[in-house]
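In what comes next, chain A is part of two complexes: it sits with chain B in the first one and with chain C in the second one.
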Partner chain A sequence: MLALGLEGSANKLGVGVVREDGTILSNVRHTFVTPPGTGFLPKETAEHHRKYVVQLVQQAIREASIKPDELDCICYTKGPGMGGPLRVCAVVARMLAQMWKKPLVGVNHCVAHIEMGRVVTGASDPVVLYVSGGNTQVISYSQDRYRIFGETIDIAVGNCLDRFARIVMLSNDPSPGFNIEQAAKKGSQFVELPYVVKGMDVSFAGILSNIEDIAKEKLEKEECTVEDLCFSLQETVFAMLVETTERAMAHCGNTEVLAVGGVGCNKRLHEMLSIMAEERGGRAFTTDDRYCIDNGAMIAYTGLLMFRNGHVTPLSEATCTQRFRTDEVLVNWRGSEPKEPAPKQAVWAPQLPES
Partner chain B sequence: MADVLGVGAEGRTTKTTMLGRECVVKERVKKRYRHPTLEALLSKRRLNQEVRCMLRARKCGVATPCIFHVDYEEAKIFMSFIKGKTIKSWLQDQPPQEDVVKHLTEMGRLLGKLHDSDVIHGDLTTSNIILSEDNTLWFIDFGLSYVSSMPEDKAVDLYVMQRALESTHTQQDLTDIILKGYKSSKKQQATLNKLTDVRMRGRKKVMVG
Partner chain C sequence: MSNVGVDMLPENMQHRCSLSVDYPDKEFAEMVSQALAVDEELHQDKVARQVSSDGKTLIAQFAACDARMLRVSVNSFFEALALATRTLDAF
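Right after this comes the complex of A and B.
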């Protein structure tokens, strides 16, 4: 079985074609990069997506060497994410589904990250640390749901890093997080920042405003360098994340951890998770930037998993939403091996909307 | 000769004897993943807070192990051994409902006392409360505790407890029973109002407005 997936919940636009075993036939992406000191806004990001989406779909189909006829379903990100960019993909997904007469599957972005991470690494039942520009959650699977153990109570960790990059005018190309990681390697002095763990939850907003003040003061007086601040910020926020992840692992009696999401490809975070997991007698799994960073293949793969287990999104419900929690999705494909082929009621005949 | 009692995310506890008495040694495990400066800072701060909060709890009438000795260099706390069962294992044995109500209401009352003297436990799970043979409830593991008078911190403390109860136990309404006991706290109104706010937290929930 084959699926095409469309992802565009933030500044990355991705289209991928995958087989049900997780083989990726194509996974193309185009990122909206803004000048240093600025971030991506919903309106401009949606314009970027509109400009590139058709050529990316064509490229994905071409690289996969398939015909649209061979596809079993069209999958797209239903949410969470930015409204404007999400809508672009939803419109394109609806159009493709009607043009090619294929069923639609709306996918939760966070669940897609988890499923992609699992299939790429082979980790069967890990505690998941999902860290990106829009999300920060510690997740474990139990009784048909991905349950959120701990999360950020304000901004996401990636957002904290991105906004710090803007303050010190680091480049957004290829991503602010990547440039912070490179700068951090040259940092040596550890500057103390707030360490905010609230129960199982974490908070980053206060750290961001604190480091903003420090940056203004100390950089001017040359008491520390931008590299030192990048280093200290990474050390502090990652230690908070690893601490809550470790507590979740201790609570669930689990020794495996999987990091997904854009921040998940940070090598230092991976190193810290590995040390923690090894001390607990387990191991840490991570994927590289092809799968960690938002992409179309993860939506296609998860959509196909859902499709094979009876999930189909009728055209009239093929909307998108900015708010869509990880624990809202019924995960009915993990208990046993996926049933195949898709049950009868799942087959959906595309209809043109009433005008 | 030391028996390992438990290994948590923060440290390990072993049982030994000290001057002829049964003694528990709690050792804070060094986290190698943390930057050494940050690790030293957190370790010192948390060890201090742990000892301070245990003493504060005792002063306000909440039973905690008696501290014999603190080794700051090695980050070890030596304290008295409490013989009994954790509330977690006690609840798993399906005790009669009237006993559940009796002990959990008492737990809530003690929690109220703790919060009234501004001690935030930080890790309120049923594994961290021991029911001893004389039916006394002992609060243990103050490793993440601190002192704060803010309703916010107290509410988060209760919320952590609620989530721990929901994920560990099948019995319903445990939180409600505890909160009934908690109402004896002097400042319960402010904390419980804040708890409603804290429960609403969590990003990307479907909501109106």
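Right after this comes the complex of A and C.
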């Protein structure tokens, strides 16, 4: 079976073609990169997507060497994300579905990240740390849902990093996060920042405004460098994420962790997660930037999983939505999977009657 | 002519606009109209929109409480319309 997926919930526009076993036939992407000091706004991002979406679909079909006839369904990101950019992909998906007479499948962006991460890494039932420019969630699967164990109470971790990059005028090419990661390697001095973990939740807005003040003050007096701030910011926010992720793993009796989303391809975050997971006798999984960063293949793959399990979106209901929580989706494709060696403290184990 | 009359738009929205676009084929007009009818207006209390097709013609009717809302709605409709039509042309 084959599916085509369209993703455009933020500044990345992606189109992919995949097979049901996760084989990727094509996965093309075009990113809207803004000048240093600026971010991407919904209207301009939608304009970018409108400009490139048709040629990207053509390219994905060409690279996959398939004919539209061979596709089984057309998948698109239903949400969450920016309304304008989401609608661009939805309109194109609705047109393609009608022109090629294929069923439509609206996919939750967060679930798509998780499923892509699982199929690429082979991690069967990991605790998932989903970190990107728009989302920050610690997730674990239980009883047909991806349950959110912890999340940000204000801005996403990637948003915090992106906006810091703007403050210190780092380039947005290829992405602000990548440039922070490179600069952080040269940092030598740790500047103390607020560490904001509230139970299982995290907060980044205060850290951002604090580091903004520090940047103004200390950079001018040359008390620290931009590299030092990049290093300190990464260490602080990643430590917060690793702490809440570890607590979720302890709660679920799980030793595997999977990092997905744009920030998930940060090598330092992966290193910190690996140390934590290894101390718990497990391991950390992550994928490279082809799959971690928003892409069309993850929408196609997840849409196909959903399609095979009875999810179809009628044309009249093929809307998109800015808010779409991870746990709203009925995950009915994991039930038949062989259970991994049962965790020692199986929190969700069914209580069988004794007789 | 059209199966959806202007009279179905709310009476309190006095700013009106109606446009029709011809396609080479009846099927094309239907596909575009169905693809664009799905998205609801963000401010349904201020703008109403009806999209339909009549033969080879796509018909869009707008009613809004002020000229600005009407312009915003018609503009974003045109953007989606152009995108849908370009998709149609490309494949």
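We take it that the second predicted complex is superposed on the first by the 336 of 355 C-alpha atoms of A that agree within 3 Å, B and C clash if a C-alpha of one lies under 4 Å from a C-alpha of the other, contacts with A are read in each partner's own complex, and residues count from 1 in each chain.
By definition in this document, contacts are C-beta pairs under 8 Å (C-beta built on N, C-alpha and C of every residue); 3 or more make two chains touch, one makes a residue touch a chain.
Just so we're clear, the structure is a prediction, and the values are computed from it rather than from any experiment.
Overlaying the two complexes via chain A leaves chain B and chain C side by side, clear of any clash. Legend: residue contacts after superposition of the two complexes on their common chain; A:5 is shown touching neither chain B nor chain C.
In the superposed model, B is the one of chain B and chain C that contacts more residues of chain A. Judged by the touch definition given at the top, the superposed model places A:151 against chain B, while chain C stays out of reach. In the overlay built on the shared chain, the residue A:262 is in contact with neither chain B nor chain C.
Look at A:200: by the touch rule set out above, it reaches chain B but stays clear of chain C. After overlaying the two complexes on the shared chain, residue contacts for A:323 are found with chain B alone; chain C is out of touch.
Taking the two complexes aligned on chain A, the least Cα distance separating chain B from chain C is 11 Å. Residues of chain C that touch chain A in their complex: 31-32, 34-40, 42, 79-80, 82-84, 86-88, 90-91. Across the complex, chain C is touched by residues 46, 50, 53-54, 57-58, 68, 83, 87-88, 90-92, 94-96, 98-100, 315-320 of chain A.
Of all residues in chain B, those touching chain A in their complex are 8-9, 29, 31-35, 37-38, 41-42, 122-123, 125, 144, 156-157, 159-160, 163-164, 167, 201-207. Chain A makes touch with chain B in their complex at residues 79-80, 135, 142, 147-148, 151-153, 190, 192, 195, 197-201, 235-236, 239, 242-243, 246-247, 249-251, 271-273, 275-276, 279, 321-325, 328.
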